[in-house]
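Here chain A shows up in two complexes: once beside chain B, once beside chain C.
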Partner chain A sequence: MKTIVGIQHRSFFPWLLMGPTLAILLAVGLFPFGYSLYLASTNIVLSKPYLPRVFMGLQQYQDLVTDPDFLNSLKITATFTISAVFVEFWAGLGLALLFKRTIVGKSVYRLGILIPMVIPPVVVGLIWKYLLYPHSGLVTYFTTQVAAIFGLPPVPFLSSPQTALATLIFVDVWQWTPFMFLILHAGLSSLPNEPYEAADIDGASRFRVFRTITLPLLKQSILIALIIRTMDAFRTYDTIAILTQGGPGNATQTFNVWLTNLGFIAFDASRAAALSLIMFVIILVMSFVFIQIFTKTDPLLER
Partner chain B sequence: MTESKRVIVSPKSAPVENNWWVHMILVTVFMIAVIPVLWVVMTAFMTKTQTQVMPPEIFFKPSFNAFGVIVRQFGMLTFMAHSIIIAVASTFFSVTIGTFCAYALARFSFPGKEDVSFWILTNRMMPAVAVILPIFMIFQTFGLLDTFVGIIFLYTAMQLPFVVWMLKGYFEDIPREFEEVALVDGDTWLGAFRKVVLPLMRPSITAASIFVLILSWNEYAFALFLTGTNTRTLPPSVVTFTVSTEVSFDLLGAAAVIIAGPILLFVVFVQKQFVRGLSMGMVR
Partner chain C sequence: MPVKFTRRQATMLLSSAVIAAPYIARAKSAAQAKLEGATVNMLAVQFAHHNHLWDQIPEFTKEYGIKVNIEFAPFDQTREKTLLEMSKKTGRFDLFTTDVMWLAEYASAGYLEPVAKYVKNKDLTTEDFDVNDFVPRIYSGTGVYNDTLYNIPFDAGSVGVEFRKDWMQAKGIAVPERFDGKWTHTAMYDAIKALHDPDKGVAGYVTQPQKWFWGWTLTPLLYAWQRPETIGNEFVDRDWNVTIASPENLAALKWYLSLREFTPRNDGNFGYGEVVSTYQQSKAAGGIHYTSFIADAFEADGMPIKGRSAYLHHPIGPYGRLDPFFGSWGLSISTDSRQKEAAWTFIQWATGRKAMEQSGLKGGGLVRHSQYQNKDIQAAMKWNADLYPLMLKFADPDERIRIPEWGEFSNEILGLYGNKAWLNEMTPEQALEAMEKSFTKLLKKGGYYAKGAKNPKQNWRDLSYYDRAPADWT
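Then we have the complex of A and B:
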């Protein structure tokens, strides 16, 4: 078999190499998980320690799912995650394809494009909070001027339920398209040349080349980029916490914001724990589905 | 020789000459990405009244007042020192430890391999906010709250799944034969790993380290709840400027510059290695 000479019979060896990683992750990952399971099965409200503790079974989960806030948050989180990741993916892929060309000043462009991804999310939140600040923000000022020409009122970027979510999606796209670009750019620059030469000889159209050669070969990079970005968009916290905190009303209350409100404002530790486990399961299923889709359809990727 | 009408852009194709529209798109994207950041940097050099002038002034006499205030009154330089220590240490540990794990997952076949690999990824899935309460309790029990050991350990754990998943792919692309040759020549496993595998992996490991350093430097939620006066890092310190009812945008701008400046400068210097390292592992 294809194992390394001299080591293949020592099956404990890989476990030795993985030991430190697994130990650390067990220490930091497993206890919080178990503790959340315990919390979710009781009725601990941190601000009301006098409440008698009762075993709740699955009651917390049931209360959550039947709460009207749940459907609201599900809709908002799904809209946010899907729209943001969708736009980021295509914009990132488009930019990455542009970078395949020989362009003067490539590294300057690339540096500029990478900037939003590098600065801390907290600072991203602050930047946009400032730019979109009512009356005195740079973007508000200019959009108000433009809107006035057409006789329209100023755009209420973060203060109206109709536009707040779209604004947050825009900020996420601004911040994370660079990440998609980076991963897909890296993937593109490592593709082999031969299929393209073959397609050239066959006279295949550009679109066909893209669909039948570039996309399949890029699968591994696309998978990594999509999984990481979907997981992170689903859990976005820093920018939303700074820009809207879930408001106005609950128009931008994603699961993560709701979770924070339950845990750190209502101090309902049990309800929060139950919600975090529901979120965990959703992310788990999403990642699993992604991996299945991407690895099962392409025998080349099976290792 | 006549050119065929259809041009197929292969990854290593010759230069495309007439690409003014590419420049137009890229300049637009560049401006969208850079102007917001630039504007906030400019704000840092304004006085408080200048930040609220309408229409916004592009030219003004720079003042360093805001920097003076946040350094002297809020002690931002101390927070920066904490940030540097924590980001560098956690990057070092997570990359060192994660490299071996990624190697094992890429090289050996053993029962349960796929499960282990997926389980490692699941550790990135719990929302940070959800993990904070249990972690807070553990830290309290072991006296790790507001200590460098505690937060570095936590960041190391937080970055490990990312390091392992990223490097695993790159290790898989290095042919096994390279190590086998070294082993046949009488090297120990560690010798082969050090002399053959590591040099090939250096660009990818560098890229992973840069990534992890950025993520650790920028981390907010854990730092907000688990660090105190002794270990406070830069991102949570900024909350100080937003909670007050009247926001001072000059101070905010200066704080943004101090938080994002070091990491931006760092990326300017390592940009080439970063991008090359990400693509290089996959080159066959």
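Then we have the complex of A and C:
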């Protein structure tokens, strides 16, 4: 006997199986998204529930994009993301290539390299906060001694608008280069030997082998690593909040730090929702660009 | 005829008396007895000197049978965590520690329970609470918003500056007394200049230019720099027009920025932690402090700088005004608490005479006459000697004006543009103009300029408002 939930109902049965997952996805994805849209269209300030609520239309978005903080945060977020991912990629690739060679104690080194990646970002922030603490931090102390030899002042790691962002990029590179290394190392390990043997017979130089064999074959791993890290760097919050809180001034105020300030200092839920939706659009555009590149470079994914 | 006891009888009587003594002194009422077994949860700021009070909680639990769980938040996250919890309206926390500068924000949003009814409830409040033992200005200043009492104080203090008196004496600089009229802004500037010794790695002064802290670094100077006719208009005039960019405030900001020449290099992101560590390591001759932090930050046993500092008031301004800075913390009950009576029972115990005395002896905050007059506390914390007259007569609980917008203004406007001026990203004039513009926008958003707006009272214009006897708040 056929039943409506039976396996024979090919149009209905898959939906039945996917139902619970879809329900959860809708609850945790679609509902918050819809609620954010609603919040952004009003003027809700959590610390002022007594303010009359009014429909604002697109006013919150307009106020945000015309706010000088918007351009500042966009510039800082872009600088942070691009610089950190750029350095992490080349450092990770360099390490991965190094580890392709025969090295004594390779597994021990590999373990050591991976440690920063498994430390929670909050802990990373605290570790570097103490290392860079004025006067008494280990890094501050030694760099001050070295700088003094050359008659230079102490390095203002986190206290100067000119150096604070660079310090944050350095900390991000320290923590996430291992991730790049891990993915690229796995990618390199899976490459076939035949092209290399052929190149060896042809007498190709190392650089030519790298440029014409390794890089093209590694492209998929590179793209995956870049996509994940770019998204992640764009959303970095914990380490910045602990090390600089967006300061000095607003020299390190990325979108996420600004969003937190709007949400938890001004308690302006509507503005924060509008900014989070703008960030969502930016991430969406970035993802689209990456996916386009991904599909164009992988013939298997082309339709 | 004298009553005679055997030795055994006398021993038993004495033992019973010793065991019963605390219960006789603070007898539990029937209403309090019903609360036995309750658990109250508190979200509290994490300050070392508050631990002198929290450390006594096991005694409270033993006495009342009420358990108290505390979740701590760092100072710079306390407001956001508290407001987030309050706005969720889950009642997860029955009690909050409330800084005076955030009272208006919490109370106006309806997140705090009025507590005068509990103060007057003899069934829930023991004699140990002794409401009129609180210093009136501390009690009213900490707890009252819009004529309603929400918050009972357990810590109060003022802002001041500490200087190495051994170094001052070595340089022939007279070490002033706290309220010495000679401790003016020029005297302080001269002392900083004389003590600044970059060759030895010693800065003349260390402060906290990070944007989070300008509410208690610049505000005292804005107050001290007012002319008699501009007092009260530090931030707004009587009609709520923003007056931050006034010539007096500009002069105060310029003086503060002039200290940069003598502060540690690249201190743009220094917060209070950096101030304390720099001073503790003898890398600065002077610095800023909040009086309640002194005992644990600079005078704790084993501290190398213990006994070497003079704790002074902020300097007197160019027109002879002494800054009346007032800071305090109180305990307040969440409107969403389902354990309000148990929460109050804890408050009346924690802020009662006995617990406050014990806390004060170890360096905790002082809020009661009996604490200030306690000889042992006076001996242990000599630097507080002049705090009592300040709290009795001069302190201005509304120095950081009592409006719901203060938290946001302090961080995102005063702090942000102040910090930019410190970093030379803005001139002092530009910074004050930016503050004025942003603050006006914030007040406008808060409905201050709307027709028929019911704006908060400007009680800072008549401080006698805060001198009402504590028992009179209803």
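As a working rule, the second predicted complex is superposed on the first by the 274 of 303 C-alpha atoms of A that agree within 3 Å, B and C clash if a C-alpha of one lies under 4 Å from a C-alpha of the other, contacts with A are read in each partner's own complex, and residues count from 1 in each chain.
Going forward, a residue touches a chain if its C-beta (ideal position, glycine included) is under 8 Å from a C-beta of that chain, and two chains touch if they have at least 3 such contacts.
Since we're looking at a predicted model, the values are computed, not measured.
Peer 1: Determine, under the contact definition given at the top, whether A:Asp238 touches first (chain B), second (chain C), both, or neither.
Peer 2: first
Peer 1: Touching A:Asn250 in the superposition: chain B (first), chain C (second), both, neither?
Peer 2: Only chain C; A:Asn250 stays clear of chain B.
Peer 1: Would you sort A:Ser205 into first (chain B), second (chain C), both or neither based on which partner it touches?
Peer 2: first
Peer 1: Quick one: name whichever of chain B and chain C touches more residues of chain A.
Peer 2: After superposing on chain A, more of chain A is contacted by B.
Peer 1: Considering only the touch criterion stated at the top, classify A:Ser136 as touching first (chain B), second (chain C), both, or neither.
Peer 2: Touch partners of A:Ser136: chain B and chain C.
Peer 1: Just to be sure I read the superposition right, which of the two partners does A:Arg110 touch: chain B = first, chain C = second, or both, or neither?
Peer 2: The answer is first: A:Arg110 touches chain B but not chain C.
Peer 1: Is there a shared patch on chain A that both chain B and chain C touch, and which residues make it up?
Peer 2: Residues 133, 135-136, 264 of chain A touch both chain B and chain C.
Peer 1: If we count contacts the way the header does, which residues on chain A are in touch with chain B in the complex?
Peer 2: 1-7, 11, 13-15, 17-18, 20-22, 24-25, 27-29, 31-33, 35-36, 39, 95, 98, 100-103, 107-116, 118-123, 126-131, 133, 135-136, 138, 141, 174, 178, 182-183, 185-193, 196-197, 199-200, 203-206, 209, 220-221, 224, 227-228, 231, 235, 237-238, 242, 255-256, 259-260, 263-264, 269, 272-273, 275-277, 279-280, 283-284, 287-288, 291, 303
Peer 1: Which stretch or stretches of chain C touch chain A in the complex?
Peer 2: Within the complex, chain C contacts chain A at residues 76, 79-80, 83-84, 87, 105, 108-110, 209-212, 264-270, 274, 277-278, 281, 283, 404, 407-408, 411-412, 416, 419-420, 423, 425, 445-447.
Peer 1: Within their complex, state which residues of chain B touch chain A.
Peer 2: Touching chain A from chain B are residues 4, 6, 8-16, 19, 22-23, 25-26, 29-30, 32-34, 36-37, 39-40, 43, 51-52, 54-56, 97-98, 100-101, 103-105, 107-110, 116, 118, 120-131, 133-135, 137-138, 153-154, 156-158, 160-162, 164-166, 169, 172, 176, 179-180, 183-184, 189, 214, 217-218, 220-221, 234-236, 238, 242, 247, 249, 252-253, 255-256, 259-260, 263-264, 267-268, 271-272, 275, 278-284.
Peer 1: Which positions of chain A touch chain C when the two form their complex?
Peer 2: It is residues 45-51, 133-136, 153-154, 156, 158-161, 164, 244-245, 247-250, 261, 264-267 of chain A that touch chain C.
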